[in-house]
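Letters are used for the chains, namely A, B, C and D, taken in the order the chains are written, and counting of residues starts over at 1 for each.
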Amino acid sequence: MRYPTFFEIVEITSTTSVGHSLWLKPNRAWPTQPVPGQFAMVWLPRPPKGYDLSVCSAIPMSIAGWDDGNVRITVKDLGLTSKALLACSPGDELGLIGPLGVGFSLDCKQPLLMGGGVGAPPLLYLAQMFAAKGIEPITLLGGASVSEIFHPHEFPGTVDIATDDGSAGHCGRVTELLEKYVPSRLYTCGPEPMLVSGLNWAVANSVPAELCLERYMACGVGLCGVCSLDEQLVCQDGPVFSSDDLINSAEFGRIAREAGGSVHVVQP
Amino acid sequence: MRYPTFFEIVEITSTTSVGHSLWLKPNRAWPTQPVPGQFAMVWLPRPPKGYDLSVCSAIPMSIAGWDDGNVRITVKDLGLTSKALLACSPGDELGLIGPLGVGFSLDCKQPLLMGGGVGAPPLLYLAQMFAAKGIEPITLLGGASVSEIFHPHEFPGTVDIATDDGSAGHCGRVTELLEKYVPSRLYTCGPEPMLVSGLNWAVANSVPAELCLERYMACGVGLCGVCSLDEQLVCQDGPVFSSDDLINSAEFGRIAREAGGSVHVVQP
Amino acid sequence: MANLQVTLAGLHLDNPVMLASGILDSTPGILRRMSKMKVGALITKSISIKPRPGYPGPTAVETTPGTWINAMGLPNPGLNEFVDEFSLTNGSVTIIPNLVADTPDEFAKLADAVAVAGAKIAEINLSCPHPKASYKGRLAAQDPRAAAEVVEAASTKLPIIAKLTPNVTDIGEIAVACARAGASAISAINTLAAIDIDPELERPILGNGYGGLSGAGIRPIGLRKVLDIVQALTAANLDTPVIGMGGICDADDVVRYILCGAHLVQVGTTLAGNPEQLSNITEGLADWMDRKGYQNLEDFRGRVLEWF
Amino acid sequence: MANLQVTLAGLHLDNPVMLASGILDSTPGILRRMSKMKVGALITKSISIKPRPGYPGPTAVETTPGTWINAMGLPNPGLNEFVDEFSLTNGSVTIIPNLVADTPDEFAKLADAVAVAGAKIAEINLSCPHPKASYKGRLAAQDPRAAAEVVEAASTKLPIIAKLTPNVTDIGEIAVACARAGASAISAINTLAAIDIDPELERPILGNGYGGLSGAGIRPIGLRKVLDIVQALTAANLDTPVIGMGGICDADDVVRYILCGAHLVQVGTTLAGNPEQLSNITEGLADWMDRKGYQNLEDFRGRVLEWF
């Protein structure tokens, strides 16, 4: 049943500029542990004072961690609902429908993870799952400057950093780090132009890749169709797609939609 | 789900004056084998020519046999619907909701079965189940005369007969045969006065007993309450009751109800 | 400990959970069993002046898990045998007769008879949604004037609960008409007009063809209708209490109805095969109130109205 | 082999199974996917003159397994972007725009625009059951005159399917009014007015509060409404075809609607998470007809009407 579960915020950690992490405890346990890459529709049944419910909505948030039934999400300040989420305190309640969608596959010997911005949190959860299986992942993290790099110390395995301003690691794009590695699969999540570069590199080097995408979601459960990417539904067939799914896409890296389905162009 | 299954009549056997046996093949298999004593609500979606659907109803019928998914019922000519059932031919279809209610218990070393009239068919199924478990049942069958005795040759184990006119077996009531036996449990089904005698004998001799009862049933599924016997529902808590359930009953052997719930007195 | 007490037309009830009409209430024996549950009151099967045998079966079928279609055909032994056999005065739990008739006069006659027999209040069924196939007119509860006439006639005899059908464009309008005509309470919803068809046999499933839908699946519809009634009564400055029902399966569902403004609730279909659930529901309500720290039903009744 | 062909307002369709409005039809991409299914026609999401972002979420929740409450809020990019982006002419499957507006004039404007863009027929949504909380009036499809006015205005531009709400006392009366006003077909049912409440948080579940119920649980209600419409049209000597929907989950359910007299059907909620079910349903219908020895849909359409 795709019916809401209500979660109490038990802790708010890692309040970086990339995003605050909210640890959530359910009033009714989810039946199964989410797979990294899966998401939940998250909303505020009673927003904190000063935030107007009528403009808050239910928005998709990746699962960024799991601790014995408690769920971590990491929220970046992007607009009305995310601002309200960031104004919450421990004890406040959120509604979640999930886990939804198809996550990353975990059968990989030498995983290479590449994340940018709030693309990093689901990869943190993925890295932790690999580590728990005894597989050591390599993670590339990118951002404009060091303050935009999502908690590198939390990642198990090797972490390699790139910043636009050179304030940490390699000075340049995170995608420029790719050529240093020969992984058995690339896992990536972040801004779409980064995903496009990742896909191109993977195809050029015959490395299979899995990419976690974002599209506007009105229902999150495969009913309305607004999250479509070509003929796929990002909420249901994704948000994780393989390179094969995307290589011939007319929309990936080019267009996306807003509420109501209006088209806008993806900035390169 | 208490939703109808439709059964085709594949064979009509044992057309005795006690009842015709209809073997029924489902269009959708019942998930579990019925327990002897359980029943089904049975109706004619399209009665045979000459029978008026508007006066036929769904009526309770005991399961009288089971052969790899096919169900046997044995129908006695009692009124409008049973007459129509008896006018059916192989190939005709019946609706069944079932199996319903609580059947006989099968954990018994020395079972004694006592049946009269159309009380015999469910006991036949019970005897067959005991025989399948390697337990040899003793069955007492009663009726007005030999033509009213339900197929003694079909019963595994020992069969002991009584007829009112002495045309077969003991001349007298079938309950008079009881004193010959020291069973570990009495199982009985048939006219209510016979059940009353059986219960009295069982209590007097400290033999546990299970009695299969009949009451008017409007729904058969525990919704309406019209089949109540004191505070029990015959369709759901029964139709099989233990001697303990019945020993203090104000209604057993005394009153029963007709359609609509009107009371009538049980003839002794 | 939460106090579940509630009054209905001056009648004091231990808790707001009632047994709905037509479910496990057609004989004195089964009513005795249900009266041992934790229940505020028991409504009887609808009683008519003449006995009714009911429709030919099948009478009740589960269309999706927990959701049923039925056409029992209002089987009942008729007023005389009912009054003779059912004791309305000396049980531990209030028994409320439910009355069904075709005309205001007949309703008045039934109301009179049950009042004489000791009933303190009666529910009138304005709303049976599965008339015989030949019946083409509207039901009393589908027309505000017809409903008001019946309520007026019956409530000269004893306090009346008017039970409404959901099969109308505007249930609020009917509720207001009944309240103005003197109803002591409004109960809703009766079953939703429905049919089911067997694709193999190409015929209706129910013996009567037409039936009514009830049980788990209809709860969101019942909640909406109760909300509509509560809002309409409030807008008309009427404080007639509302008895909510439709698909209640557990204590959470009771809470949902009370949050929408219901004073009491009734429970029906979910008891199929599980009569004891009635007590669990009432206990669950007390537990919920204890956990929430509510002392009385008023502490949360109508709490969601501000959202609509 | 069974012939599933059917015509609708002169349009030839391969089979009678259509995609319902609002489900997997809000972008050209997902419509392309659905057009690869075995489907007679695709209805688009309701299109309004101005863009609508939709209601705040949650927008859709499963209340009992297979049964959903939703209040999407008719999100759509508005007429201009719709006409620009959606190709109504060169797909392999007929795409039928669904139009929503407040006044007959607006409906006429929408109808004109989609006709110019190549649509051969349009469905008009007279029946959205979850207006904003502030809206108190009746919907067009709850009043026979209002419904007729809209149908008349829109059908001057192209053939019109009038889509009706089940939330009325007498759906047959509305259907007859629409047919007389020139509707080429009647479709029903839209969702049932509903709400759901969270007992823990004491607030509505949906972002919009009000919503509509759809999916498996409502099928017996949809069947009854379609039967009412078919009977009313027949009684009025109208042969307007009826498109049945509400809770269709498999081929058996399609058969149920056609047996009640529907010429075509639409499938919605059951496709949540399972778009491919649409093809299974059409294939199952062909299999059923083959097994039954039916050549054409007329061979069994309306077969159960004699029982009612």
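As a working rule, contacts are C-beta pairs under 8 Å (C-beta built on N, C-alpha and C of every residue); 3 or more make two chains touch, one makes a residue touch a chain.
Bear in mind that the values here come from a model prediction, so they are computed numbers and not experimental data.
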Connected chain clusters in the absence of subunit D: A | B, C
item	value
Chain labels contacting subunit A and also subunit B	none
Cα-centroid distance, subunit A relative to subunit C, in whole angstrom	50
Centre-to-centre distance between subunit D and subunit A (centres being mean Cα positions), rounded to whole Å	36
Junction residues of subunit D - those touching two or more other chains	63-65, 203
Multi-chain contact sites of subunit B, meaning residues that touch two or more partners	none
Topology of the chain contact graph, where touching chains are joined (line, ring, star, complete, other)	line
Interchain contacts, given as pairs of chains that touch	A-D, B-C, C-D
Residues of subunit D defined as touching subunit C within the complex	63-67, 69, 133, 138, 142, 167-170, 192-197, 199, 202-204, 209-211, 213, 216-221, 223-224, 227, 252, 255-256, 259-260, 288, 300, 303-304, 307-308
Subunit A-facing residues of subunit D, complex	22-27, 29-33, 45, 51-54, 56-65, 68, 70, 72, 75-78, 81, 85, 198, 200-201, 203, 205, 207, 269, 271-275
Touching residues (chain side subunit B, partner subunit C) in the complex	1-4, 6, 27, 41, 43, 45-46, 53-59, 93, 95, 97, 218-226, 228-233, 236, 251, 257-263
